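Shared between the two complexes below is subunit A, which has subunit B as its partner in the first and subunit C in the second.
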Partner chain A sequence: MTSIFNKRNSIIFFVLLSLIFPAVVPNDYFLYLMTTAFIWVIAVSGLNILAGYTGYLSLAHAGFFAIGAYSLGLLTVKVEMNYWIAFVLTLGITSLSGLLVGLIALRTKEHFFAIYTLCVGYIIYLVIDKWEGLTGGVRGLIGIPTPANIGSLAFDSVHSQYYLVLFFMLLSLLIIYRIVHSLTGRTFIAIRNSEQLATTIGVSTMKNKLLAFVLSTFFAGMSGALYASVIRFIGPEIAYTSVMFDLLMYLLVGGIGTISGPIVGAIVIVWVSQQLQFLQEYRMLIFGPLLTLIIIFYPRGIVGAFISLKTRAQAKKRKVPIVNESLTPTQKQIEEG
Partner chain B sequence: MDILIQQLFNGLTIGSVYSLVALGLTLVYGILHIPNFAHGALYMMGGYMTFTMMTKFGFHYWLAILIAVVAVGLLGVLMERFVFHPLRNAPPLHDKIAAIGILLFLESFAQLVWGGDYLTMPTPYNQVVSIFGLTFTMQRLLIIIAAIVIMIALNLFLKKTFTGATIIAMSQNREGANLVGINTTKVAMLTFLISGGLAALASSLASPINLVFPGMGHLVILKAFVIIILGGMGSIPGAILGGYILGFSESLGATYISNDYKDIIAFILLVLILTIKPTGLFVKGGHT
Partner chain C sequence: MLRLQDVSIKYGEFTAISNVNIEVKSGEIIVLLGANGAGKSTSFRAISGLSKPHQGDILFQGRSILKLSADKIVQAGIVQCSEGRNLFSAMSVQENLQMGAYIHRRKKQQIKQSMEHVYELFPILHEKRHDAAGSLSGGQQQMLAIGRALMSKPKLMMLDEPSVGLAPLIVEQMFAVIQQINQEGMTILLAEQNANAALKIASKGYVFESGSIVTEGTREQLLANDRIRKAYIGA
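The block that comes next holds the complex of A and B.
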């Protein structure tokens, strides 16, 4: 039994499922919804590197997402650059701005870091909103082109965009998986568990924190760029704190500090929000308390709850008493991903 | 010169409101060592409570404020009981996220009950007074006086009464306070009561010159964070001083720099402070 449902097979199963998904859904709207969910997966995975693995809660992530979206939008609409050159430049711009902010922001710790980044996010929002000459202010930026053709591959239909975003999502997840399971990733976790201890054993914490921060903004930028070219309209509200809280919710509900958490969280919440669309602006009446309840009772989200269920079942099978299963999640996370 | 004095007076008014909000935030930080992101939502609830008491039930302004202060204070206590108390041993990240959850809920709740419109709160103190060539409404004068009275009363309470001393003791050392027989659970609840009350009072005083809407707490709470970092997290005189510093720099900035960008001043101030001194100005020893 277990040999069929092991990790490798389930990954293959889900990748295949996502590949045939366009063929089984009844209409393009669902496909479009799934595409946006995948875009959020990329952004949330970026946030996860920093908040989940390194333990620094950055509340400026939506700001970097917006920097990515606006960089791509401005480069393609105003500078009229080739799409893919603009795309690569966008990744560079967001990473560079992440580096600059990170250099200063990471001098602060814990609460100061959260408050500092919250303010940085707000400044990004205010600048986008007020600098009408560049960003178009509240009117936003319209007419962003769809991704340019690569050879004979065109990306102007919903189907092709779905596959494009899927490609970038899988690529990001692969990169993040490799990072997290490398020595660098373990260093991040060491910093999360105890920064002082990490320094004591000779880890250059500043360098590694900066790396985590830049990586997280890199993925925020990628996600923002894809968002701009799929939605094709962007306004200053994508930098607003409500987007930040959405990202945080995807991460928390899915499971912070796990690779699959952002995937589960983003997809589940995007679909549930879709079902609750009649609630519109009141949906936070449900999601707000949900967020609070999850953090109290299931601090590691759906994936975390699933993993502890599985470990419990395995322990029962082996008739081994469960020792301290709520603590030391790190080791289990590394093993089960 | 007239403009300068007028702006200084305005700065004193906004500064008073900021100080009251920051006081509540700093008290809670002193006790629990968490930044309460939901404090802005308490501020917003206070504004709506007073508004409803005045317009729906026709209560007098002061009675309405009193009811709002008690109601929001109790809301704060509920938050402590159901959210922050169960999370007291959790990593600090969890408190922050839980607070954000409460914030989202309360904002959505206000939107559901009162709608998303901008409401104007009536006030019995609309008279225009002019002293020494300065003209201002009674409401603004009232804000300053009320804020100063409350600050003095709070200070006396913390310094001269036994209950107040327990709050200070707990903010200095939680385990130590527990060891000498202070009921830390009770003190935490009391702190949340005071903190919520202060937020409600601040918004009830400020609403007649601003507006009441679901997002009214956003900017105020962000600025209150700037203030408590400016004044030192957990420090009470720091919160008062920081509130006035921010009030003055904003009103002067609005006149002499740009009215559009006046909200950004606070954040640039914060970014500058934390860039130069990552642990904030005037840090007290002992807090980790």
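The block that comes next holds the complex of A and C.
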């Protein structure tokens, strides 16, 4: 009971912290940094549904992130559509492209799936980079509008955008939490556990894998759309493989297959890499070994390490009194004597 | 109820089973006997749709199930309780049972009833319902595997070596429960090496040797067969 209480308390604490964060930071730059970190949290949490819970490591998600960003950019800049209609359409477009890619990609498994999706991601990058007529090619897309007002709420300042992104992040996390703890989530975990076993108890694995894939691209698209309207300039490099490996790094460092992993990973790495900014390109010299060490010693990331430490401590606490109680009087005497 | 007609399966060039004919009537316990690698598990894989035969037909309630995918076969009413106590080890006992009822996931009331039934059959599972499946003992894991199979309310249940690696006393309990499940109306297809225990409850048996059926007969016929007694019962 106390553990639920603690969990709830810490969630409330962090939500409150994120709410008052703008009031305590010295300048807008930190706020902006946090906003981008939150955007990554959404994309990584989406990827986590597929890679963490279903066990299919997709390397195409930077591509879907870019599809989200470009869809929103093109719909608002070139079609001059209302922002929120464009936003909803963007989610539809990324999910639909996710469905089409997933239909083919999910016929492969394990490393073949990773390689196939890596290729898909690269193809998306190439299309964005080379289709100048539509995307503007290497010049990118500029002048993407900030999110349109909702009633009297305006989103043209750094503060308001922070809260908007925070809202979408919390909403995404809530949705993902609900999915993971539902039968659907457990079905995903069952597939990760053993796909064959899942089929022998009647799970249509293809349908469920496809659902996980589409869900994860949905969040990648949402993240991309928010990115485009906060940064307001996008270039083809956001679909590039290095972005994909950033996402993967956030997921692995934070803790794959946990709800809080993507949050911890994205925020910690965005901040740490910010602090190491003064080293410029040499910062990878610190980052690389650090990452390697984490992966070797904590394969389930920071959150995974934390969870195992906690369960170990709990087991210890529970074990000690039980052992003493179970001793028979004679044994106690022997011990005391 | 279930009929395999001249079923053959190849893994690449290797013929795993050839021309297997099995007939299971409603309400029976049928046992497939044979050593490791004789073709029992492969026959199960064929029935549950995991391996597709390159020849022959499999009829369930008069309908061919060859074209059905594995999950559709579960919906049709055949469930396999696989060898090696394949469980979702990170999930709790109760979650494993809920997963077993996946095809009935909309029928909350029915799931509750089947779960109570499983807990009645295996009270120890109720005691451990919140524990991770991976933390159970071998016998308990086997019980959970059977319980999970029951949750889908199958018409035919296939049990692949439920006695493997279990203490003799537990094996006896396991077979008693299997018999009880059968008396409640479930048709059971059993694969076993432990012929002694299996033939006590089965009405009919098939003996596999290197991929084909070499002998078949009722319990009495098999028990009277000297060769079978020497090879599988050791008496």
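Everything that follows uses one rule, which is that the second predicted complex is superposed on the first by the 300 of 337 C-alpha atoms of A that agree within 3 Å, B and C clash if a C-alpha of one lies under 4 Å from a C-alpha of the other, contacts with A are read in each partner's own complex, and residues count from 1 in each chain.
Here is the rule we go by: a contact is a pair of C-beta atoms (placed from the backbone, for glycine too) under 8 Å apart; a residue touches a chain by one contact, two chains touch by 3 or more.
A quick note: this is a predicted structure, and the numbers were derived from the prediction, not measured.
K.L.:
Check the residue A:Gln196 against both partner chains and state whether it touches subunit B (first), subunit C (second), both, or neither.
P.N.:
second
K.L.:
By the touch definition at the top of the document, which applies to A:Thr187: first (subunit B), second (subunit C), both, or neither?
P.N.:
So A:Thr187 only meets subunit C here.
K.L.:
Classify the contacts of A:Ile20 with the two partner chains as first (subunit B alone), second (subunit C alone), both, or neither.
P.N.:
So A:Ile20 meets neither subunit B nor subunit C here.
K.L.:
More residues of subunit A are touched by which partner: subunit B or subunit C?
P.N.:
B
K.L.:
Quick one: is A:Thr205 in contact with subunit B, with subunit C, with both, or with neither? Answer first, second, both or neither.
P.N.:
second
K.L.:
Quick one: which bits of subunit B touch subunit A in the complex? Just the residue numbers, please.
P.N.:
Touch residues, subunit B against subunit A: 33-35, 83, 86-87, 90-94, 96-98, 100-109, 111-112, 116, 218, 222, 225-226, 229, 233, 260-261, 263-264, 267-268, 270-271, 274-275, 278-280.
K.L.:
Write out the stretch or stretches of subunit A touching subunit C in their complex.
P.N.:
183, 186-187, 189-190, 193-194, 196-197, 199-205
K.L.:
Quick one: which bits of subunit A touch subunit B in the complex? Just the residue numbers, please.
P.N.:
My answer: residues 51, 55, 57, 104-105, 107-112, 114-116, 118-120, 122-123, 126, 130, 241, 245, 248, 252, 281-285, 287-293, 295-296, 299.
K.L.:
Would you mind writing out the residues of subunit C in touch with subunit A in their complex?
P.N.:
Counting only subunit C, the residues touching subunit A are 48-50, 69-71, 74-75, 79-80, 82, 86, 88-91, 95, 98-100, 102-103, 105, 148-149, 152.
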